[in-house]
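Contents: one structure, followed by commentary.
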Amino acid sequence: MTSIEPGTAVRRQARSARGWITAGWGVLGVLVVLLLWEAYKFLGPAEGVTIGAVDGESGSGVMILPRTHDRAMPHIWDMVGRLFEPTSGGSTPPLFVSVISAALVTLGIAAVGWLIGVLVGGLLGLLMQRWKLVEWGLLPWIVLSQIIPLIAFAPVVNAIGNQIDRSGTPWPQWLSVAVIASYLAFFPVAIGVLKGLEAPDRIHLDLMRSYAAGYWPTLRSLRLPASVPYLLPALRLAAANAVLGAVVAEVSIGMRGGIGRMLIQLAGQASSDPAAPWGPTFGSIVLGLIAAGSVAIIGLTLSRYRRGEATA
Amino acid sequence: MTTATTPIPVTDLAVKASGVGKIFPTKAGEVTALTDVELEVAAGEFVSLIGPSGCGKSTLLRLIADLDQATSGELTIFGKPARRARIDQDYGIAFQQSGLLPWRTVGDNIALPLELHRVGKAARAARVAELTELVGLTEFADRYPDQLSGGMQQRVAIARSLAARPKLLLMDEPFGALDEMTREYLQGELTRIAAETGAAVVFVTHSIPEAVFLSDRVVVMSPRPGRITDVIVTELGDVRDESLRETPAYFEKVTAVREALHGTKVERANER
Amino acid sequence: MTSTLPGWVRFAAPIGVGLLIVVAWTLYVEFGDAPRMLPSPAAIGNEFVLRWDIIWDDMLITGTNALIGLTVGSVLAVIFAGLAAAARPIDGMLAPLVAMLAVVPIVAITPILNTMFGASSQFGRQAVATIAAFIPVFVNVLRGLRQTRPVHRDLLRASAATGSQTFRFLTLPTALPYLMTGLRIASSLAVIAALVAEYFGGPSDGIGTSIATYAKSGRAALAWAYVVGGILIGLAFFLVTSLLERLVARRSPV
């Protein structure tokens, strides 16, 4: 029978109390942002603030604060209200329904992309830790890969995907989006796994060597548990990147049904329907939060390995 | 036991502690780190604090340095409260980790307390030159701490603690992280420097031979709660050189301190 | 156990891998069934040299946006990190906000920014680059400001240093390497953000819009030549900030 020391219960209460306090501050922060928005709308100049403008030359100068009229900056309650109005007039479902379904599509694709990225990144990390030569050869390219803009890859991957599809093996369009999302997701995982597997102390490695433990037992009993504090922030970052990659790829390829395309579409109609683009915008924000939150849940199950986590 | 005939005026005492206690509040309840400490350190006297972990020796040193505040009792440094003494820079301090700032050269590290107190550039340079010579590191004045060995870093820390010419040195196991040979060498240097500058020293240590070699008196402490249990007067004279380590008198005193540490003294020896 | 490989392998290995990639790529284009969107490296190089003038013009646009984003973002990040380190309430409000910002696709707000500031303004892209740079610099500087070691804090307290003296002599030098790390991370993020944001609207200049335009019109090699231009900007930012980081980190307290 296990007995819980009085200290543990007190500590757990203290931790959950801290959680509520953090959440409280967060809500306060969001409220402050909303207040600033409305305050600027109320107090700011109608045409915004431009520096360096030349009289008579329209479009000159740099606008550093936006125009405050309702077409450029809708009221917050207008944005919220718009969510409940039909998506594109008439009997189409309310905007928030369309946003949610588009967000779910993108989330699903991002999840697949994340999985692929985690597998590939994890494998690369393992290989790089195992053989120094592989690390030296591959790591610079892996780092460089993130400087290559996504926009370049999307059409290529889409074209290759179409080819594969035409030659017999089915390859739906969303899979191309997932592959592009995985391209952004694999990088933090590869780095995190590499750092994490190399994290154990010299003393612990010597200990395993004294037990004549080979590569695989050492990996299982020492390196993998020691890598958890590095792995979890990496997985979180990979999730956020996968969402980003999915959204950009959707726009790039022109995939229907996802939230990326909805963003562009509604932004195009912004002059007649200014509050509408905010719907998918909020949707993308929530999407990112859900993705990161899901990884945090995974983290909870691994809590006993997280003695000192490095923040991404 | 010493037998002092006339009481020494408070202002001449480097440290006077009466009834000093320290209680730490922790999540698991209160911890009594120190209780009812009575201690007097005369000017120019070398006193060691020795005892097992948790006996409060480092806590007592931190109270003297005003890095923590006592929860009970009275503590004066040269007749002033600890806070005043710190602001007036009446003491110099050396820690177990040398605590050198890694982005400053040896010379700049030694000069740090002087720089903080707006001593002029020329005066600083002169003092740094004096001190690097005192600790034997003149050629290393422009090096960085990571280019020095542990023993050399501690010598720089000692030089820094002397920068403002304090009459009291506080040292918290400064040789703890060093090997035995370097330790013995630095112990010799420390007694020489203390004698030359006439400073009083309060020295925290784990090592019985070190305490006996360096000090005029060894204050033995014990934990739970942290308190002084005994004071051994070493009576080994003012000149402490390497030959001392082999004399019978030295070994006797080491034994005396060891017995005091292991012994089950029920009564606290009140110290004079 | 790691074998002791000669030092030159460290440089030869990635170059070797790079050559392998180029060779495999060329062979795939020549003999494989490569799509038109993937031209050979030679063709890309050709276009790049031929069209250098227009590529450079667009590089300037995107590069300037990224630079403005990096600069403004870093300055704001340092200020806010300083505020957060000094005042608990500010830290409490900022921490969740920044954590949220870090996981959301920032480029998603570009269309809205273009609406707010007008479609002919570069502001939307600069704002996105600013936010992208702000996050890593803020996180790193805040961490750096909190990294002073207890023994150093004791030392300054024992030397009766005032608050501002402690800041100048200890907190600032301790935080500096963290600032440099943050800048290094922020540099690539700012470039990518400035580039990807172009894809979500705004003026019709910049590397990103050119890539998209030429890709759509089927001029694959030219589109890829623009990609090379984008990579060069990113590399330049990365190398400069990495160098700065190396210079400062030599005497870090860790």
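As written, the chain order gives the labels A, B and C, with residue 1 at the start of each chain.
FYI, a residue touches a chain if its C-beta (ideal position, glycine included) is under 8 Å from a C-beta of that chain, and two chains touch if they have at least 3 such contacts.
Every value quoted in this text rests on a predicted model; they were computed, and no experiment measured them.
Student: Using the touch rule from the top, point out the two chains with the most contacting C-beta pairs.
Tutor: A-C
Student: Point out which chain occupies the most central position, where each centre is the mean of Cα atoms.
Tutor: C
Student: Would you mind checking which chain's C-alpha centre is most distant from the centre of subunit C?
Tutor: Ranked by distance of C-alpha centres from subunit C, the top chain is B.
Student: In whole angstrom, what separates the CA-based centres of subunit A and subunit C?
Tutor: Computed value for the inter-centroid distance: 17 Å.
Student: Taking each chain's centre as the mean of its CA atoms, how far is subunit B from subunit C in angstrom?
Tutor: So the centroids are 50 Å from each other.
Student: Taking the mean of the C-alpha atoms as each chain's centre, how many Å separate subunit A from subunit B?
Tutor: Roughly 55 Å separates the two chain centres.
Student: Inside the complex, what are the residues of subunit B that reach subunit C?
Tutor: Against subunit C, the touching part of subunit B is residues 65-67, 86-89, 91, 93, 95, 97, 99, 101-103, 112-113, 115-117, 144, 146.
Student: Write out the stretch or stretches of subunit C touching subunit A in their complex.
Tutor: Subunit C reaches subunit A through residues 2-3, 5, 9-10, 13-14, 16-18, 21, 33, 35-38, 89, 92-97, 100, 102-105, 107-109, 111-112, 114-118, 120-123, 139, 143, 188, 191-192, 195-196, 199-201, 207-208, 211-212, 215, 223-224, 227, 230-231, 234-235, 238.
Student: Under the touch definition given earlier, write down the residues of subunit C that touch subunit B in their complex.
Tutor: 149, 151-152, 154-161, 165, 169-170, 173, 251-253
Student: Touching subunit C in the complex: which residues of subunit A?
Tutor: 21-23, 25-26, 28-30, 32-33, 48, 59, 62-64, 66-67, 72-73, 132-133, 136-141, 144, 146-152, 155-156, 158-160, 162-163, 236, 239-240, 243-244, 247-248, 251-252, 260, 263-264, 266-267, 270-271, 274, 277-278, 280-281, 284-285, 287-289, 291-292, 311-312
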